[in-house]
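Each of the two complexes below includes chain A, the first together with chain B, the second together with chain C.
Now for the complex of A and B:
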């Protein structure tokens, strides 16, 4: 077990190294850099090639690519992500500001996703091929196909039309600072993201439940005269939900994807929104740091889920 | 004169390929529609959208870029400054027919610029279909080559290839697409390439695990014993036996890529100069509370088409490889 974790962790570090290299060279081949983008967006008169060159030398963008790559890697092994070109603050402090917002939203999305997917998956399996099953599966098919930005937009239409609640996108409070305003702000993105992430989990849970409900021990439990509720919760669900856990690791990438869009739409200053801005501003150190953090979360969530799976199910041998 | 014995030229280990299981011809298509009702529905919707794309010039009713306008009832030739401040349009004899509600003239209404939304939704179909098929084709073909080679040779090569695949997978998908699209100009072709590249990890993983399950099979060992080259084994023995996985990956990929294109277009980084449903949802948000129709119809079109491809993909998976059900 320990060896397995260590081996996987080492491989993950190697994966992160490839990610770092990919993002570094992707930024290199992008047309323009922070200096040219800044002057282009500022649209100032009197921008000369000299002033751009001066800005580039201040930022270190005039050094040869190999030297820049070397510095980047050397700083990286010391966990130094550099400082953002735009804000002049260290990438770590930018992350410190953005990550809590993204974690809040991500947590709420996962919460909504699971609290819909689990009961719906069970109900759908228990009423297989009856009306509730068809309705719920139809809902899942819809949820899988509808783009998050669209469902979120539609939700905004109704909230505005019926004046359901106020969405304040300027205050940007955390949940623990101003729970009510924050929750109203997060409500639509968390449901849009949660519903989009629900479908896969729900469908897998349904098919697992169907398989388990056919097993001998469920028949035995029924023969013993146990209540249907006990059979489903104690005998079936316990054995069906483990494989569902593994999709958690896969859905994390999907959730991060929808977070980028949702943070952009609702002005949530999280990692996704910062990523989006840093691409267009060519804020290289910030972009590199953000991509690495996201990649870190993805690979280590997957490792965590695999290890958890091994711990919870003794039949699974990790090697 | 003896006729050449062609049977010897046939591969001796001919096995029923996955394709034969669904058969071909109109009869088995009919069977597919009856047995897999949802899949059949998906197929019908896909065909419907394909026909719309081909006949877009016939069914569109208006030019997608035509700007509708009408006479300005309150037109004044020489308005005073306070009059202009009260109504900025007062000085122009004709005004744009913007944000018209759905009617018999404009089935889906008009957008902010006075263009017919129905016509634009019709013309947006083409881009989604090109993106879906093109990107899925690139992803599956690359995934096929990488996945088969990786699983066939295993060892160090496999370890390194798989880490690279993990890295592409861990890279936030939308960021990857935004970066690649920006390297060159955002044309339809470049978006297709970017999305196809981003989809390689998914295709590779499916192909790799399918290849792993056939590489130890007896017919592969037999072929190796009689001295077949690696390339021959991969092309003649492995490939036909992972055909089902390829078709499944291809059909499921299409919906995902259409959704991804809509997302980057919504974010403003989609193919430039093309009518895109994702972009329409975005422009429709300008006046969402009062005039939601552009967003509503464009988003419905995305959902319907993606749903159709998902249903079709699910049904094909059930028919071709029942073991993958529910995955």
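Now for the complex of A and C:
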């Protein structure tokens, strides 16, 4: 196990290097750079070649790409992701501000999503082809079909119309600073995002449960007179769990950088929003840093999930 | 009240107000003319200009009444009875008058949205209005506009001015003006906190831009170098500064109130020049009504009142600018829950719908947007150096359709001079006489197709028509490339036109080396109400803004030169009109101006208006007044439930 983890970790570092290189050159392919994009709110004609050249020089964008790549890699091995062109703060500092927001939102979305998906998936399987199954599956399909921005927009309309609660889009409080205000701010995005993510997990769990419930050992357990609850929770769910765990792992891994729409809609200064802004502004140090961090989370969460596999199912041996 | 009634009412009010403002604008130019040969002083600047304004306004009042009557006649789509509608309108007007008559209250924090990116802390080096939106509260200009529509001026750092001979401007500098004594900028060791403003400070700002040189001796991107280069020399004498112009320039005085002409402290400007693109509040010091305490792009900006401000009128205690809402949902939440005090959106329907739901608690105004929308054809290169094709394109642009599609009808077509520079623009009722602006689209398209065929348009193959990414990224306008391509394809019964999007990064280099593909976007901001300088910048031979290399010594250059020097408005206006007619007849040489749109701005009633009158005011010039005149009324019923962010203290 230990060797496996070390081997995978080394492989992951290599993957991150490839990602870093790809991101660096992909960014170079994008038309324009920060020196030109920062004039986006200006009007054509007011911008002069001199002003762009000067900004490029100050930002180091006038150096050859190979030199920029060398600097980028050298900084990277020293864990220096550089400074954001826009804020002039270190990328680590920007991440330090954005990641907590994304983690808060991601955690709440996952919490809502799995809190709904797991019981609904079990119930749907247990009551296969009965009314509860139809209703729950119908709901899941609806959740899958409804885009998060639509669900969130509808919810916002109701909240504003009846002045139900304050959505603090300017104060941007953290959960640990002002739990009530923060929770109100996150309430709509967490349910919109959570419900949207419910369907996949719920349907996967349902199909796994149905398969397991038909296995001989479940029939044997029933024949032994075990309680239905024990059969489902101990024998069926545990064996249906592994594929679901994979999906959960991937969901958690990607949730940090994937909430662009919800973060934009609710003015949440998280990683997704920062990613969007850095792409538009061609803020390359920030963009590269964000992608690398997201990639880091994804590859190492996958490693964690693989390790968890071995712990949950003794039949899976990691070597 | 149904939405339909509401729209009708607002539209009618808007049109009649504009008509009134047209005369005000003319009056303003008249006032400027008087100022040119006489004397301006903010202590007595109500005298002569006001008299002219009053006369013109009286004349126009009759015109406005006629307009109103016409609009009432045309107002057949309302389902309110006439007495009920009149009663409602009277009540609304009384409410407006009552609001304007109220005694301002000091205090509170005004919360606005601002941009997410700024390219410099130096007003002389910026080309972007978001920088000015912030700095206009922090720094001052020599003069400022007291009415952004008419161009009437009042003193700022200069308490008065005289123009004895048409090319000499004598500015009396205001006594008792000091640089900010506290705040991050004042704490910067490179600045001198609290010292008195001197005429040398102002001369430094002017000469720095005029010379165009940075401290390191290199050329700097000073956007107003051309403007300040009109000055031949500056004399400083006992609290007065005399600007000797190289030649007569009737537009120069208005330029002193241009929002970009803010004055910074020389020692700090020099010290931070090399790193002025690193945004930080300790690099800014001013003499203005507010002291900058925080400036972190993408995070927060705040400013608190300058206790030593020399002028009266700064009402709010502080300003907080939050980073731009990039989604209308967040903006709507922020506004409706009173976290921000004003709201606008590229899609007018969003704002109008909100106002409809909060009609008794909010105030809706319409502001013209100083970014003129245009189609650019590169007449420097084949095939577009064939004037027939350029004219065909100009004729094929369906300007009114674009206003409908992008702005839900809120906008007006503009000729070479924008309708917002109303004293100089071709009147709306006359511009339709030109085929390109005619409401008879069929006739225009017949002419366009004839020219297209004659110029070999059908043989050009696929034509990429670019939309700037900055434009197309806005949610309300993201199908612009297809709309523009379809407009031309339909006009010429072809499928040659292909809509594409390009970033400024691609457009700007090709723009300056004159190799750009045809595109649709904005042109530079209109910065002052006088249109002469803009026309000269765009069409005079050799002017930096003459990207199309137009060279018409007799038909354009001579007339523009004469107009710039002409102090008589009617004569100057006649010359500008002749140039405009010539330009339109030539397909605008590829600089095909389309329109200026109008955006609705909604504010809670507790935030009292920027403008002295309920006019449409330019978005850009209104900043002059924003800086000092906005105030919060905690006694207004709409104030209940407001929750404002706190500014970062000094």
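Here, the second predicted complex is superposed on the first by the 303 of 319 C-alpha atoms of A that agree within 3 Å, B and C clash if a C-alpha of one lies under 4 Å from a C-alpha of the other, contacts with A are read in each partner's own complex, and residues count from 1 in each chain.
FYI, contacts are C-beta pairs under 8 Å (C-beta built on N, C-alpha and C of every residue); 3 or more make two chains touch, one makes a residue touch a chain.
All figures in this text were calculated on a predicted structure; none of them were measured in a lab.
When the shared chain is aligned, chain B comes close enough to touch A:22, but chain C does not.
In the superposition on chain A, A:31 makes contact with both chain B and chain C.
Of the two partner chains placed around the shared chain by superposition, chain B and chain C are both touched by A:160.
Touch criterion met: A:170 reaches chain C, while chain B stays clear of it. Contacts of A:50 after superposition: chain C is touched, whereas chain B is not reached.
Contacts of A:139 after superposition on the shared chain: neither chain B nor chain C is touched. Legend: residue contacts after superposition of the two complexes on their common chain; A:60 is shown touching neither chain B nor chain C. Of the two partner chains placed by the overlay, only chain B lies in contact with A:257; chain C stays clear of it. Of the two partner chains placed by superposition, only chain C is touched by A:267; chain B is not. Chain A uses residues 31, 149, 153, 156, 160-161, 264, 276 to touch chain B in one structure and chain C in the other. The residues of chain C lying in touch with chain A in their complex are 111, 115-119, 125-130, 219-221, 223, 275, 277-280, 296-299, 322-323, 325-327, 329-330, 332-334, 336-337, 339-340, 357, 371, 468-470, 473, 502-509, 511-512, 521-525, 545, 547, 643, 645.
Interface residues of chain A, counted against chain C in their complex, comprise 31-33, 36-52, 54-55, 58-59, 86-89, 97, 149, 152-153, 156, 160-161, 166-171, 264-267, 269, 273, 276-277, 280-282. Residue ranges of chain B in contact with chain A, taken from their complex: 38, 163-164, 166-175, 178-180, 182-183, 255, 259, 262-263, 266-267, 278, 281-282, 284-285, 288-289, 292, 295-296, 299, 302-304, 306-307, 310-311, 325-327. Per the touch definition, chain A reaches chain B in the complex via residues 11, 14-16, 18-19, 22-23, 26-27, 29-31, 141-142, 144-147, 149-150, 153-154, 156-157, 160-161, 203-204, 206-208, 253, 256-257, 260-261, 264, 275-276, 279, 291, 294-295, 298-299.
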